[in-house]
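Lettered A, B, C and D in written order, each chain numbered from 1.
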Amino acid sequence: MGHTAAVAGASGYAGGELLRILLDHPDIEIGTLTAGGNAGTPLGAHHPHLIALADRVLADTSAATLAGHDIVFLALPHGQSAAIAAELGEDVLVVDLGADFRLTDADDWTAFYGSEHAGTWPYGLPELPGARTALTGARRIAVPGCYPTCGTIALFPAYAEALVEPEAVVVAVSGASGAGKAPKPTTVASEVMGSVSTYAVGGAHRHTPEFAQNLSVAAGARVTVSFTPMVAPMPRGILANCSAPLKPGITAADVRAAYQRHLADEPFAHLLPEGTWPSTGMTVGANHALVQVTVDEAAGRLVAVAAIDNLTKGTAGGAVQSTNIALGLPETTGLPAAGIAP
Amino acid sequence: MGHTAAVAGASGYAGGELLRILLDHPDIEIGTLTAGGNAGTPLGAHHPHLIALADRVLADTSAATLAGHDIVFLALPHGQSAAIAAELGEDVLVVDLGADFRLTDADDWTAFYGSEHAGTWPYGLPELPGARTALTGARRIAVPGCYPTCGTIALFPAYAEALVEPEAVVVAVSGASGAGKAPKPTTVASEVMGSVSTYAVGGAHRHTPEFAQNLSVAAGARVTVSFTPMVAPMPRGILANCSAPLKPGITAADVRAAYQRHLADEPFAHLLPEGTWPSTGMTVGANHALVQVTVDEAAGRLVAVAAIDNLTKGTAGGAVQSTNIALGLPETTGLPAAGIAP
Amino acid sequence: MGHTAAVAGASGYAGGELLRILLDHPDIEIGTLTAGGNAGTPLGAHHPHLIALADRVLADTSAATLAGHDIVFLALPHGQSAAIAAELGEDVLVVDLGADFRLTDADDWTAFYGSEHAGTWPYGLPELPGARTALTGARRIAVPGCYPTCGTIALFPAYAEALVEPEAVVVAVSGASGAGKAPKPTTVASEVMGSVSTYAVGGAHRHTPEFAQNLSVAAGARVTVSFTPMVAPMPRGILANCSAPLKPGITAADVRAAYQRHLADEPFAHLLPEGTWPSTGMTVGANHALVQVTVDEAAGRLVAVAAIDNLTKGTAGGAVQSTNIALGLPETTGLPAAGIAP
Amino acid sequence: MGHTAAVAGASGYAGGELLRILLDHPDIEIGTLTAGGNAGTPLGAHHPHLIALADRVLADTSAATLAGHDIVFLALPHGQSAAIAAELGEDVLVVDLGADFRLTDADDWTAFYGSEHAGTWPYGLPELPGARTALTGARRIAVPGCYPTCGTIALFPAYAEALVEPEAVVVAVSGASGAGKAPKPTTVASEVMGSVSTYAVGGAHRHTPEFAQNLSVAAGARVTVSFTPMVAPMPRGILANCSAPLKPGITAADVRAAYQRHLADEPFAHLLPEGTWPSTGMTVGANHALVQVTVDEAAGRLVAVAAIDNLTKGTAGGAVQSTNIALGLPETTGLPAAGIAP
């Protein structure tokens, strides 16, 4: 138990998933739990599945309640992390599960979030080329968005090896937990069950610039992304269907070899056997991303698909993975390697 | 009750949906119902929701049992329709809900279905330019596939008006009834619930050439389609996310005007108000296709989305719509205009 | 089109289902639609599946906006119907889909609803012995609760024929639409999907006294009911599992004969063939209740199960069925006889 | 790693869940995996969520392949366990997840399973009074059925303390994985989604005598059980709604005190805080049973509800819990204490 951790926003879905993982982490001890409107209530009222923490009472979210821990996880609404982080001291590892510090381009931030850019922190997607170096020893981590985590893992080998043109198309479907736990008209159960819906079409989703940023990093050149998100009637999971025009002369064998090269040593991103395509059900509760890729000869496109659990690899598990790197622990420490199925 | 109709394959999902619609059709009387392995059992054992037909006993599927009706609907496995149709006489209206007579290119047929091409019948997608003319008075109708029905309605205005380049990308998600009622490993409930999966990626799905055929008809030139299908945990519905590179100089206003022009007079294909995106839940049990379209400026693509009920507009309702045209009835006769929600 | 109808509470689930049915009713014309907080918005924003009414703008709910129709359907929160009904005139047929006028015992009302009893109207469950007489020509109708509709149909033959002791146990499961369309923590999709939950256990549910009232009417003596409700991850449907101790000497043959006698002539309550048990999926969108009954010899109990669609037979369809009786129309007029499956 | 374990029936749902748990068990090493029809295929083809075991090839199920391990888990169809166990030697711990050795009454076995009774092994429900003693040091364990696990935990305190009459009513709902992984008409996804169904009503379910046996053990006298099972549209979970007539003079305080007394020290059966009712969603992937109890004064009944994950506490987790006891390990070793939600 080398490290203590506080969790801000513990009553939400991201906070609950983080606690589920930390309960099994051998090197991190769970400290103070905080919430906004739910402060003063026991955690069991919000996460009855976490029996061991049921009687923990949620404190108010503030720098004061969060101070005194080695690690502070922030699962807060956008815009609240910068002020708290500023008060916590530079030796505290602050891991932001929100969006505030993901983007490198201040104009992108303002265009999509409508406020002033707070800055850029080391980006917590270890699979992205260069990311592990930036995360090692870091004391600030920006955890990626759930869609960009999934889609980037599906496409970065193609861009890192210049197999495709810089015009990606990503159509991804998410489980309903991606919309959070607060009741709203679009997440009423009867509206979601039995229906798949599309939203934020045409480049309007806030994860669009993050996608383009990641693929541009992989390519070493500007990549545009046409991104369409959907919601499906399931609690968890993201499936990202990604494609881009193949560059002239690239063969299916080139593609498979490139994906094998980039994914063979990844602890949590796996290229499936040929012919097996990922489904979100293979990933529930696990920290792994499952990937498959092929070439559509008639259409001249590379098509790659990845599946993750949006709350595990896509949020809380990804956060702990990057935390392990920052702390110098083995990257897989405490992370669920097997999913729950069916 | 001007017309009598037999239904072959009545115990399956397509057959059941057809019977649900025909029960409310004022000009068609339900005659003989047939099945393969289920012959000899009452319909109520297979479709307990169709109380009025519960005691009807299923006959064997053969030209003999189907003869003597004005209309014969064939909801059979691929490859069985040609022989039966040949025996039924040219004055009988034969409506094939299977794939046998959809494709115009015999090589496409053989490449995707592995057998000899049976021929081409008038294509039952009234919204496709030219289709109503071919259907009027027809005595053979090939009902389109469910995915091509949805995706073609989403994209045909863009190709009919030459707004986009001939390289479409379609990522569509279907409810599980699209896989039929026969038990198989991929449709076991616990495997489907809580999971979205991708299959037949890279142009392998049999609906791929039908998509390309339809969009090429609309464009008057060859269009390629990169098609990726998914299955979502819901019984019914298809949502098709479609995009293509915009041609130079085409504006969002051009796009909207084109879609309004092509869809304004359609009885069952509706352009939604701006800002409203279709979901499959809006279409359950209805014969309508709901469409929305936008322009992704940053990615330079037109993005169109359509939703249908795969069993209604995508199969049985579409079949009755074309039947109405063939018989000279008002196109909307007997068809459900309102869906069931939630 | 002999009758005009206004619908108050048109933007909710009960209102939407009522409109779906009225769109197909040959003798009722849809007039003014009203809402509370949604007044001023188009119906299409709330019920996009009802394309034909998409542009209808919702008026405020008041006696003034509802006046001038032959029929007024009230789908309002509890406690609002009495004042409006008082202003509408005694010649207007007022059909209350809420609870205000269901109970005959004022003390029961106050104990379960906490306010003063507004009165008792003819009870709109035609299957209950004596109900059709009271409904014929009525100008006020209290539509039953969804659970009591289902459970009463399952058990009334047993009590009408004195087959069982007056101590019923009812454990029923409902789809999530029973909780209404307003967002609340218990109906957030991710909380509902993948989970069945029990609530209001131990006699706390407001439908408990209504159950006891109905079964007491059937028995001609006081019956107690132990009622436990659950919510399952589906939009629609109620399945009621009902049992009671068999009286001495009653045989399985007695039981079956009694159920056949009471249900044989019912247009919307059907005893299934022996060996077939009801599921909610057999009833979606239909006005029918499906019933099965057996005897558990070892436990000495009669066990009856009924399934309905909570929004159709359990609310809006039941309302129209009673309306037809009140108006002297054939009882089945305009009502969906076939469900949608799968 | 003191113990090696073989798993027979590894490609099914029970086998897969067992492997998920054993992967995290510090004192059990996974040895040979076997299957029937799936022998010769890799485990990854059946359980893609278990990445670490994906390449393990399934052997044929036989005493020869299973021999040489300290523990043999049998997840086989009914009737196959006795012959294999007989060949394995008395020092091997054989844990049967099937039904063969659960019942003590040979007539009950023959009445419900139609074959000759194979015998009775120590019953693996540690919560049942007396069970831990029988399990300590045992070399044969009969893992209970999933429904009896859930319902017995809900009711045993009431019977152990003689609070209720010996006539229990249990209405329980299960997720679809309870029906196994083999495709069959009743588990086709489109038939299950959107529908709750009842089956084996009137005492016909094979778990009925097991229920009666357990409650009779708790009561020290014969108890009858009216048991009605349902299937709900979710992969996992059982919710058991149980009630029985209160004995004269028993108060709500008596009931609560008794449940607290019996459950306070249980590691995996928890009485929830008053007012909180269990849902299956609180238990997914965890080995805990969550319980609540109340008194229905008007109906004169005790009502108790319990929720479990049918595959974890109801099958594989329960098996490992009893295995731990048999081996002298701490009872909670390797078992998931936290569920996955949402």
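In this text, a contact is a pair of C-beta atoms (placed from the backbone, for glycine too) under 8 Å apart; a residue touches a chain by one contact, two chains touch by 3 or more.
Composition by chain, UniProt nomenclature: A, B, C, D = N-acetyl-gamma-glutamyl-phosphate reductase.
Just so it is clear, the structure is predicted and the values come from calculations on it, not from any experiment.
The chain with its Cα centre farthest from the Cα centre of chain B is D. With each centre defined as the average position of its C-alpha atoms, the distance from chain B to chain D rounds to 45 Å. Inter-chain spacing, taken between the CA centroids of chain B and chain C, is 35 Å. Shared contact sites, meaning residues of chain D that touch two or more other chains, fall at 13, 177, 181, 190-191, 193-194, 233-236, 281-282, 284, 342. Because contacts link each chain to all the remaining chains, their graph is best described as complete. On chain A, the positions that touch chain C within their shared complex are 13, 175-177, 181-185, 187-194, 233-236. Across the interface of their complex, chain B is touched by residues 13, 16, 20, 23-24, 44, 47-52, 177, 181, 193-194, 235-236, 270, 272-273, 276, 281-286, 288, 290, 337-342 of chain C. Residues 167, 169, 171, 173, 190-191, 193-199, 201-203, 208, 224-226, 228, 230, 232-237, 239, 241, 243, 245, 277-282, 284, 292, 294-301, 303, 305, 342 of chain A are the ones touching chain B in the complex.
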